[in-house]
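One chain, chain A, appears in both complexes that follow, with chain B as partner in the first and chain C in the second.
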Partner chain A sequence: MAFIKLNDLEIEVEDGTNIVEAARQNGIEVPHYCYHPGLTRPANCRMCLIETYGTPPGAPPGTIAPDRQLATGCTTTVRTAPPERKYEEKFDAIIRTDSPRVVKAREDILEFLLVHHPLDCPVCDQAGECDLQDFSHRHGRDKSRYVEVKNVPPKKDLGPDVLLYSTRCIVCTRCVRFCQEVSGTGELGLINRGSHDEIDIPRSHEGNPIQVLDNKLAGNVVDICPVGALISKDFLFKSRPWFMDKEDSICTGCSVGCNITVEYKEDGVYRVKPRFHEDINQHWMCDDGRLGYHYVNRDDRLQLPLKKVDDEQTTTQWADAINTIKEKLGEVEAEDIVVIGSAQGTNEDNYVLQQFAHDVLNTTQLGLFGQLPGEEHKYPQFTIESDKNPNTAGARTILGSANGNVVLEGEDLWQKVASAKVVYLVSGVPDRKLQDEEKAALENVEFLIVQDVLPSEITELADVVLPGTTFAEKDGTFTNSTGWVQRIRKTVDPPGEAQVDWQITQQLAKQLGSEINYSFAGEISIAISENVQGYEEATHQNIGDAGVKLA
Partner chain B sequence: MSDEIIQLETPFQFNEENMKKVDELIGRYPIKEAAMLPTLHLAQKQAGYISPAVMKHVADLLEVTVMKVKDVVTFYPMFFEEPVGEYVIRVCQTLPCALRDCKVVLDHLKEKLGIDVASETNLAKGTTEDGKYTLMKVECLASCDVAPVIMINDDLHKNLTPEKVDEILNNL
Partner chain C sequence: MVQQKRILYEHLDVPNINTFDVYRQHDGYKRFEKAIAEYQPDDVSKMVMDSGLKGRGGAGFSTGLKWSFVPKDIEPRYLCCNADESEPGTFSNRYVLEKNPHLLIEGILICCYAMGIETTYVYIRGEFTLGKKMLDAALEEAYEQGYLGENIKDSGINVNIYSHPGAGAYICGEETGLIESLEGKRGQPRNKPPFPAVEGVFMKPTVVQNVETLCNLPFIVDKGVEWYTEMGPIYGDARFDPPKPDPNTGTKLYCISGDVNEPGVYELELGLTCSELIEVAGGLRGEEVKAVIPGGSSAPILTHYELDTRLDFTSLTLAKSMLGSGGIIVMNETRNIVDCLLNIMKFYAHESCGQCTPCRWGTPWVRDIVQRIADGEGRQEKITRPKFGIAEGGRWGDTGETEEIYEDLDLLESVANNIANVDTMTWNTICVFGIAVSWPAVSYMRKFRPEFEATIREGKLTTLSVEEATVPPEENYAFQQRIIPKEMSELG
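Right, the complex of A and B next:
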């Protein structure tokens, strides 16, 4: 640990920390644009200038004065100095981020950065979460002395989801470095020279693209853009950032379990952004996950229970639907019932389902259902996994946690389903196409109960459909492929009369005389940590914001 | 995307002789990318200008992305992205030449060839219709003692007057 004096603070930081991070850890803001903790540091924006102190050459030992030149905070790192090199006998470095020279330098740099920047904040998507806006406000000059004509480069279409408003660009090159280092695809670069520098994809002289920004991580360049230059087409003109509420959650696109922030209003989810997690997704997420939230907002979401009467599904009351199921379950033997959990559901959903199957129905025949495996994509610093469910690992363990439970998957499951009389299928899997074998098996079932979020091939076959909820509408935990148990949180309300999946299961259980009675997801989480082998560490407190890794 | 990705209909290939030179150039440096500038000069000599097909071929040879090549091509004004004339005439505009009446030389050339001066983004307006001449303004050609000067392709012409310019053009 290095002991440094930062402004008037005397603080300890890890060896090798740069000044921007050291200051951030101690609540001091060092404005910066080109520096991003997940990328290399070219130090080209010059915004993070700081003043370092040392002994000037020729001065008597012990003299401490500011160094002649200001240094960039992002590339200046601190480390423990040998005893004879310490300042004032204890400091490894003395740094100021608020001296008059630094303040003046920041003002001047900002004036330069704003030379060609238009004053279009009122129509810019980034306004409100824009570093240029914030730092100009906090560190900038209130007037520009530039009177010449501004450069007005055109707006450019870079790829399926990314637009570039070149006028707003301050050429920090974060996006260029992202495409070289993290995605390794290198579609972006700088064209022209000097003050005419522009970010672009390779184009012919006439402006037709030779290559487009269409890699699966492309959306991240929009997040890391410190200004409003790179804009997501999906979010363009949708909402002002300050009107949206934010909640931490986990992406359901694949089993990586990227940490995300869901931004939403009363009428639905507006966008999903990645959130930093050192061991899972760092700063990034893929576009499949980023744009995969749309099904939450769809108008055709299941809102009321459906019941098949004379081969036609009609809406009905919850009480009626549950009664129908209760009667049917009373008629059949335990071994003719198959209960299928969902890899899209939370650990809590699956735990209650497992209790219902084991304790109430006395069946040990459980199954696991989820999205079909997709393609795996590997990038230099990011992998998109082929398992397209967020909770396969968790659902598998938890469904099989009670004595004698068998969790069937794939062909075994469908063989079992084909011979069953009653199947309770908790799906919640959006846009899942049924394969022939699966469809045949489900058609064979005498009485099919489906709990789902969207009308699909599966709900068409059902005798009773129960409207469930998506990840955005409930609390719970997911276990990713590397054993991290992480929390998702409720954002919007479920549509219509749809209910949280474990609550539906609990209602069924109660109707059948069980005493299962949880009142919130955290309570089930505690039960899981007490009863499921391997989940001892995954207590409510331990999971917290960062999640917990199972042994 | 509103624009379609362009299909490179006529792919560019170095001819045998140039390919040998490229191999030799690449061999000179510890990393292939370092041979970018000489390779591009060679390509421009063969193809006349750096088309998307040329960029693609050079990128493949040097194992870099197309964008890296485009980056370099747009940075240096001596690489052309559009067809240029057989003779590229560069007229020096810097102070010593300006004091020695380079404007007279430039105006004379404009009038004689019947073209405007090419800009970096629009070479076509400075190129004669028969594709023989391209007229450009440039900064210092490092021969201030013999100003005004022009450079035609790789040759420097000194101490110019309109009469001398006529003579030079006639001898091309």
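Right, the complex of A and C next:
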């Protein structure tokens, strides 16, 4: 640990910490644009200038004075100095971020940053979450002295989801570095020179794109752009950031389990952004995950239970649907029943489901369903996994927890299904296509109960359809492929009469005379921690924002 | 009358000196042979250190000292010869390349021997097509003759030289911009430290040296330190007790252009005055000297009051200017300083690499202000601000009085100083291109303020007489703050 004097604070920071971070950790803002903790540090924006102190050359030992040049906070790191090199006999470094020189330098840099800027905040998506707005407000002068003509570089379409409003670009090169360092795809670069610098994709002489910004991590450049230059088409003009509520959650696109923030209003989810997790996704997420939330908002979401009458599915009341199921279950033996949990469902959903299977239905025939495997994508600093479910690991363990870890999957499962009389399939997998053998097996089932979020090939086959919920509408936990148990949180209300999956299961159980009676997901997590090996620490309370890694 | 001292340029005009045979007849490669026969590598480094040789490319940094920073235990190490000569007013490297390329190769060989370097890149300004052609031909000959390649002349020394053309950017003359460009990237200077001596080409220790600097080496090796240090003044740095020797030794290839009768490159001992130099170049063309740029377009301008300044590294620095690349541009009474500044600012606005905010957007801003003034559209509004001048105690500073100044001139000065401050010598940029912008901007405006004011007042480019255009010495910040260094011999 290095002991430093930062303004009037005496603080300890980890060796190697840069001053932007050291200050941030202690509640001091050092404004910056080009610096991003996940990227290399070119120190080109010159916004994070700080004043370092040292002993001037030739001065008597012990003299401490500001160094002649200001330094960039992003590249100035501190580490423990040997005793003879300490200042005032204890400090490893002395730094000011608030001296008059620093204050003036910031004002000057901000003035330069704004000379060509169009100041079109009223029509800019970034307004409200823009570093240029914020830092200008907090550190800038109120007036510009610029009276010359402004550059007006063109607006550009860079790729499927990314637009560039070049006029707003402050040439921090974060986006360029991202495409070099994290995605390694290199689509973005600077063209021209000096004040005519522009971000662009490779183009022919006629200006036609040779390569577009379409790598699966492309959306991150929009997040890291400190201004409103890179804009997501998906979010363009949809909402002012301050009108949206935010909740921390986990992406359901694959088993990486990227930490995300879901931004939503009453009428749906508006945007998903990555949230930092050091061991899982760092600062990033992929575009499949980022743009995968749309199904939550779809108009054709299942809102009421459906029941098959004379081969026609019609909507019905919950009470009727549950009664129908109860009757049917009364007609069959335990060995004729298969209960299938979902890798898209939470640990809590699956825990209640397996409890229902064992304690109420007395069946040990439990299976696991989920999205079909997709492609793995490897980038220099990020991997998207081929398992396109957020909770395969958790569902598998929890479904098998009271069952000697026997959970049917793949061929074994479909064989069992083909010979079953009643199947209770909890899906929640959006747009799941059925394979031939799966379809054949499900068609064979005498009475099929499907709990799902969207109409699909699967719900079409069902005798009863129960409207469940997506990740955006419930609390719970997922376990990713590396054993991190992490929390998702409810944002919007479920559509119509759709219900949280474990609550549906619990209702069924109650109808069948069971005592299962949880009142919130956190309570289930306590039960999980008590009964599932490895999950001892994984209560909602422990998991918090950082997650808990399974032992 | 001062005589030229032709050493580097001695054989420049010998017919066919660019060929190996003729070069050899004029002691070619014998200095290198002497170096490897008579001296250990460290002896050569020591000679270079003792010679006081300072880099000729612009920064004037001690060559020997630079070499001493190179870690000897990291392999490979590289030499980069900076032949990107693009500073306006500078054209001495070009003649070496075009006319006497073997001299550069010999200089490189000596540097490589001293530093244990096996690979050299010569980064040649892209526009120097003839220079590159001549160097390439000489390299081929040198390989054929066994002076390049593996085990040179059975000495066990290996040296390979690659010539690399630039792609037309001034900033690629800045040593780290050069390295980036050489590595195939955009020519954008790196943050320092680390300096190239520690992490340069491919992040390995690299010596970057100007063509002229390297061409000095054969003569230092051949004729010795004593001979070398007899040329040019050795000042005493009076901040130390006893004064520390500050050598400005050797000759300099001064490139003289502008209003002189015989423009060209003149090789002269360091330490001549500006007036003497004008005489060497055939005298002034015109009636009166209005101004002199002493070290390439980046250098702060000198007024006719400052012509007694000696044109060496130390004297010019202490006169708040610089020797820079040794590109001297003389302007007579017909020149308009606003127009000159516009010309220079157009160059810099075009050449900023665009990496750092102040330089990227400040440089064109300065250009636009000067353009507007030159177009007769300078704003008539004035503002009141503190007046700097000879303050209490006879020193330059805030006088406590105020002065009126055209808003646009204040703006010009302030924007330039916000890129790099010429008074405090601090800059908010990655490389010193920033100061190369604000030096001319601020010095021209301050030293020739009446001409700027007349141009704004009249609403058109207005050229005043030399006397009227120039601020008097007592109002000239540089003149008032300049220190005239004393030679060691004077200090006793």
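Assume the second predicted complex is superposed on the first by the 548 of 551 C-alpha atoms of A that agree within 3 Å, B and C clash if a C-alpha of one lies under 4 Å from a C-alpha of the other, contacts with A are read in each partner's own complex, and residues count from 1 in each chain.
Criterion: contacts are C-beta pairs under 8 Å (C-beta built on N, C-alpha and C of every residue); 3 or more make two chains touch, one makes a residue touch a chain.
Please read all numbers here as calculations on a predicted model, not as lab measurements.
After overlaying the two complexes on the shared chain, residue contacts for A:207 are found with chain B alone; chain C is out of touch. In the superposition on chain A, A:109 contacts chain C only, with no contact to chain B. Of the two partner chains placed by the overlay, only chain B lies in contact with A:157; chain C stays clear of it. Applying the stated contact rule after C-alpha superposition, one finds that A:45 touches chain C and leaves chain B untouched.
Once the two complexes are overlaid on the shared chain, A:483 sits clear of chain B and of chain C alike. Once chain A of one complex is fitted onto chain A of the other, the partner contacts of A:193 extend to both chain B and chain C. Once the two complexes are laid over each other on the shared chain, residue contacts for A:170 go to chain C alone; chain B is not touched. For chain A, the partner with contacts to more residues, out of chain B and chain C, is C.
Shared interface residues of chain A (contacting chain B in one complex, chain C in the other): 190, 192-193.
Those residues of chain A that touch chain B in the shared complex are 157, 159-160, 185-193, 200-205, 207-212. Every residue of chain C that touches chain A in the complex is listed here, in rising order: 169, 186, 191, 239, 349-358, 360-365, 368-369, 372, 411, 414-415, 418, 424-430. The touching residues of chain B, when paired with chain A in their complex, are 1-6, 8, 51-52, 55-56, 64-71, 74-75, 81-82. Of all the residues in chain A, the ones that touch chain C in their complex are 42-47, 49, 58, 68-70, 72, 75, 105, 108-109, 111-113, 115-116, 145-146, 148-149, 170-171, 190, 192-197.
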